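Both of the next two complexes hold chain A, though its partner changes from chain B to chain C.
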Partner chain A sequence: MSRIRNTSNAPALPWIPRWMLALAALLAAAAFPLLVEYGVIQTVWIRVGTRALVYVLLAVGLNLIMGETGMLNLGYIAFFAIGAYTTALFSSPRFGFEVPFWPLLVMSAGLAMLAGYLVGLPSLRLRGDYLAIVTLAFGEVTRYTFNNWESVTNGPGGIPGIYRPTVFGYLVERPIEFYYLILVFVVLAVLLVANLKNSRVGRAWNALREDEIAAEAAGIHGMRAKMVALVISAAIAGVAGSLFAYYQQFINPTYFVFMQSVIIVCMIVLGGLGSIPGAVLGAVVLDSLPEFTRQSFSSWLPAIFGRDFMAGWPDFLRTFFLDFDQYRMLIVGLVIVVMVIFRPEGLIPDALWRREVHQEDPREQEHTLQTLFDIEEGKQDLEV
Partner chain B sequence: MIYALIALGYTMVYGVLEFINFAHGEVFTIGGFIGATFLIWVGVDDGTPLYAKVLYLAAGFAISVVLTAGLGWLLERVAYRPLRGASRIIPLLSAIGASIFLQNMVIVIFGSQPVIMPTAVIPSGFVSLMGVRVRVLAIGIIVLSIMLMVGLTYLLKATRIGKAMRATSQDREAAEMMGIETNRTISFTFVVGSALAAVGGVLVAMYYGSLKFDTGFLYGLKAFTAAVLGGIGNIPGAVTGALVLGLVENYGVGLTLGWLAGLVAVGLAVGLYIQLWRAPNKRIAILAADGRAEEYRERILRLYRLAPYHAVKTVLTERRDAVLRLTARHAVRLTLGNVFLSGMLVAFVLNAGYQFSSKWQHAISFIVLMLVLMFRPSGILGEHIQEKV
Partner chain C sequence: MFSKRMSSRVAAILVAALLLATMGLIGCAEPEEVEEPEVSERETVKVGVHTSLTGGLADYGFAAREGIKLAAEDFSGFVVDGVEYDIELVILDDKGEPAESPVVAQNLVDQGVVGVIGALTSGNTNAALPIYEEAVIPMISGSATLPDITEEGFDVFFRTCLRDDLQGAALGEWVIELGFERAVVMDDRGDYAVGLGNEVQATLEAGGVEVLREEGQEGDTDFSAQVANMRAFDPDVAIFTGYHREAGLVRKQMVEAGMADVQFMGGDGIKSDEIVDEAGGVENADGMLSTFSGFSPDDMPGFSEFADRFEEATGRPAGPYAENNYDALGALITAIVDAQSFEGADIIAALHEIEYQGVMGSFGFNEIGDIEAPDKTGIDLIPRFELKGDTWEYIG
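Right after this comes the complex of A and B.
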């Protein structure tokens, strides 16, 4: 059966072209620190933003294997950890190494890729749910290794005092500088993934996701295509880990627990599997929501509605909004279940994936018919 | 044995639905929490007479089983049933969501501190069994587990609903056509699985004296390992797997250096055997089917024996002879794999000899899980599900 691709030109909002939205998002992200610089919002926000960007990197990377190729990876944080530890070990007083920024970045990504390759070799032939468990086990084994291999990683104590990086002769020191540094890598990663998505191997991934046997029959080397996806996404996670270590200046194994992997998975599910804007949105929302809620209920809303606007509210509502962090995962879990049942394609869906989950939906079929019609008029190219 | 109880839940659900119930570990925790909270609430202490203690304990088990089974039913109803028939990855995501939700539910309701089991209801005696001191409680757990498993086997093999469960697991549509209410059967499976998990939860709380909100995650994973180890979907397999895992975990950590050296020796021997004997002979056997074995025998053996040098040379120089080129490539890969594995093994043992302690206990089960899934996903006793086309 031939499938029609129109992932790139199916607009999220029908009246605005997609590239304009992307540009607007980029401008917003670039302008965001200025709000902090000019004192519109507190300085804590720059930290929130930077951390959110790291998660955006991770979500975009994981999206490549999970959304595009359809392999559930529950140990993604392991690649992040490998990148972070590589950077920490080779650019801190721990062993007296001080490898410059770029070589070390490549090293971190390379080691993460190597780990991805080694894990992938035996495990990629497994069925979807088994693969999820193997990657989960891999993630935990990695964490235990970093936790227990005290002679190298200093165990639970972690590695403090990671040096500040020098990028093109410029010492990156302040949080705001890190923000822009990471933003550059986010843009690079998004461009990379967006291009891969519409490349030959990207089409192979989508085909494998939808029907592995049919895809192999059509001449796709399934193992190789999956391996490419895994290795590239591991590299993105490695870069993210490296940047995270530089930014944080201190890492220990508690940053890399299983829950982190799950959170990244949730970000992608929330935003929409296989959709890059979805991954970005999911990461930003899930990561900054607790801080956002806390800030708005402790300082912004009182400023607008008066100090005691919550006085009449029941107690549990007040604690709920003020200590939102405590309830975040509760809400996230609930949202995931609800989303998966009622809107499995996510907030900003990828066109192909949406069609897959709503095969019986008449509206979608109409859409497909419309696309076919367009092809006859030569507006779109048909790919098999 | 407790692994066995939880593993049974996984295996049953997997057998019927072919899907991993991620939230099972959380169901188990909640079972334990309910039991412990009930016992705290009734206020058992050392002054309570024995018969009352037993009664309270039984009531604790009963309440925990009933509530947890209800939870299992609800979980299936809310989170999984609407997704029946969706592709494989979707219910798994829902299960992860449910798992997160339940775990945080426990934190919100019971707090993030561990719940302490009243010591009064925990039998504290020891008995001497063949010269080994064993806790009475441990024997109690084993007896109870065996009883439950026998009951479960009876349920599956000899009752009507058991038959329905087996039929549903083989082919849901066909079962439905035969007049089996598959939805009810699946709900029932969840109820039974959750009830077993509840018993497991209370027992763990009794054995270790306390229970934390994240206990279930680890136990769930280990139980899953056990289920996979024994062959998922297979009930005796789950029990076997649990026993093996328990032994490996407890004795794996206690291995002495001598054992580990033996492990290295065996590993190296296996590697060498494959490199020098099995792999080349397999290649030759394949060629023999074409009647071309003799022509190649010597050269193939040489490739594997002196792989690093000859094989690399052959890969680089032989352009025309596909057989030799492919064989050489295989030999190179095999050698690299062997070198890598033995390196890992040696490094692991050296490191282990240097600092082997109970820290690795949990890691061991993860490693077992990875190895089993990678190399023998059908488990020790085989998978019980029919291949579906």
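Right after this comes the complex of A and C.
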């Protein structure tokens, strides 16, 4: 036990403690809208930021099952869809319901959890690739259900006119208000996941990820521990879906296509499986990069270097930067290949993952040798 | 050990998925020209083009953009308060993704456009509308045909295309006129096809025609289950309300199943020359009937000239909804001139009063923003086409 605790608290940047980095990131996120309020950057950035925060919620939630527990899930967007549709159906002119914000948020999360529980019962008995296939199918089945269940969901036409939420008596209306509302939930989700990670059940998840048979032999109820992970991550996605529906005011089934699940998986693989800061960074970078390049090459760089600054460039470079969006996925794929070869633990790795993927890590070898030496000398007991 | 294997498997799956997605995008992508700024003494005014240039409907987006560009050439130099204005188009791509649509909308609002032409699809229009509504920027779509959009009570929305329910009713009435008694109505589960299919079915059932409803999925290639159901039902007409690719395959598989004598009909989604090949040749496709959600060529005196110009400018025949988008910008500028103002509220008021004469003929907008022609109303507006050999001919 002590071995794990020692290494998992090891900071990624050794000279700054992690909690300070987290605080700095939070302050940056909280201060970011001020740039828009004071006109440094345009309002569109609030919308990009808000959407990125929704993806942060999803990445943090998916990280719980994929990173912590090691269950490959390719249908995570389904829980997001269930949360979004619950909110859309019970707070829009569609059926004339107007359930208040908090009860509806709980309902959205609750239905997503229920779906997670039901799909978990049969599928958690599967491992690795088989689980991936089942979750992929679940994601598609959910979307087709929303697409085809016309009497309730209005089918492919979607649900427009979702009401604005009233939170503690305050009507959330402007994009900036949504930004802060969602930021609060991001902070709550990060705190929840960080604490779970260091809890008894978090250890059980990690043990199951490492070696399921050994973990069960050591007394962990594998099915129960995995179910807890799945249900909690489904709840986070349900909350994200609810907030997204309120923010967007309109949803239809095309929001919840398979590619969205893939993109969230990309976010946490890039950031570092099992790492909360990694998931946050991956989500923010992947979601805002296209708008960032678009703004850079259509307004910021021309403002600095003059309108025709790309005139002398070769054609392929110009189209590449102006239409960066089209190549985004190609580049992300390339980055993932390179990363799996050279840095499989991700951009901001989790200490435990880093040790696993670099078993030839000299520090690790040294540590192991030292431990063996200590045991032999009688300074330390053999740990199981 | 487990983790190393897992991360390389995850990577393999992700890379495969990403490659597929990229190919989908790049395959349809149009190279974006960098527009040369013209040296001009006149003022310029920005108009947003909110469309989808990548993704599954990129060909519609291309046609829309090129139609709008032609209109920008024609309408530049309009006069407001004695000052001449040129139109500067701000063209942004929402990739056909509804989550991207609000970002594009906000971007256009930030850039201070006086009006927006778009969005391309009904879903993306719905996703962007709250933002334009709040900013009071008029939005005119040339191709968002979902009936609900104008019924939702948005003030800023107008469209220069006809609604699916109108086309559905016209298609249904046509089937009844032709005297068919047993009909199969099939859609592809897309928002356009389902809306149209529902309307056709309702019209047919009201007219006493027995209807079997079938559905495929967009992107499917094997429709043998649906065709087997059709065969058991023994229809005398099959109406497919989706797009030409699936329609062609359904027709081909119907012929293979011995239903060559069943009349094949559809909405504007099948009115494409490509359906001839997709259905397996002229012998399968000949005699198909379709309606269209634009005005008929008889009612569009300027259309042939427009089609020639479009082909000259782009090297391609005038694509779907190109003329609707041309007239969307035309109507917007005409309304600005009528109002002598760039204020959203003034332009919207002027759009409701407008009597516009363009490529599609003369039209105006009703109180909810749907297009209105002065001389014809209702289903009489919808033109009918027949596939004769390998070309669609207007038949009235």
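Convention: the second predicted complex is superposed on the first by the 357 of 384 C-alpha atoms of A that agree within 3 Å, B and C clash if a C-alpha of one lies under 4 Å from a C-alpha of the other, contacts with A are read in each partner's own complex, and residues count from 1 in each chain.
As a convention for this text, a contact is a pair of C-beta atoms (placed from the backbone, for glycine too) under 8 Å apart; a residue touches a chain by one contact, two chains touch by 3 or more.
This one's a predicted model, so the numbers in the text were calculated from it and none came from an experiment.
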| item | value |
| --- | --- |
| Combined model on chain A: chain C and chain B, fit or clash | clash |
| Touched partner set for A:Gly158, first chain B, second chain C, both or neither | second |
| Chain C versus chain B, contacts on chain A by residue | C |
| Touching partner for A:Trp149 - first (chain B), second (chain C), both, neither | first |
| Partner chain in contact with A:Phe138 - chain B first, chain C second, else both or neither | first |
| First, second, both or neither for A:Pro122, with chain B first and chain C second | first |
| Which of chain B and chain C A:Tyr327 touches, first, second, both or neither | both |
| First (chain B), second (chain C), both or neither touched by A:Val337 | both |
| Partner chain(s) touched by A:Val262 [first = chain B, second = chain C, both, neither] | both |
| Partner chain in contact with A:Gly70 - chain B first, chain C second, else both or neither | both |
| Contacts of A:Val167 with chain B and chain C, given as first, second, both or neither | neither |
| Offending stretch of chain B which, after superposing on A, collides with chain C (from 6-14, 42-50, 60-68 or 96-104) | 96-104 |
| Set intersection of chain A contacts, chain C complex versus chain B complex | 70, 72, 74, 128-129, 132, 144, 147-148, 150, 258, 262, 265-266, 269, 326-327, 329-330, 332-333, 336-337, 339-340, 344, 356-357 |
| Residue ranges of chain A in contact with chain B within the complex | 70, 72, 74, 122-123, 126-130, 132-134, 136-138, 140-141, 144-145, 147-151, 258, 262, 265-266, 269, 326-327, 329-330, 332-337, 339-341, 344, 356-357 |
| Chain A-facing residues of chain C, complex | 2-4, 6-11, 13-15, 17-19, 21-22, 25-26, 29, 31-32, 34, 37, 54, 93, 95, 97-99, 102-103, 106-107, 109-111, 122-123, 126-127, 129-130, 146, 148-149, 152, 189-191, 194-195, 215 |
| Interfacial residue positions of chain B with respect to chain A in the complex | 19-20, 78-79, 82-83, 86-94, 96-105, 107-108, 217, 221, 224, 228, 351, 354-355, 359-360, 362-363, 366-367, 369-370, 373-375, 377 |
| Interfacial residue positions of chain A with respect to chain C in the complex | 42-44, 46-48, 51, 70, 72, 74, 128-129, 132, 144, 147-148, 150, 155-158, 160-161, 175, 209-211, 248-252, 254-255, 258-259, 262, 265-266, 269, 273, 291, 307, 310, 318-319, 322-323, 325-327, 329-330, 332-333, 336-337, 339-340, 344, 353, 356-357 |
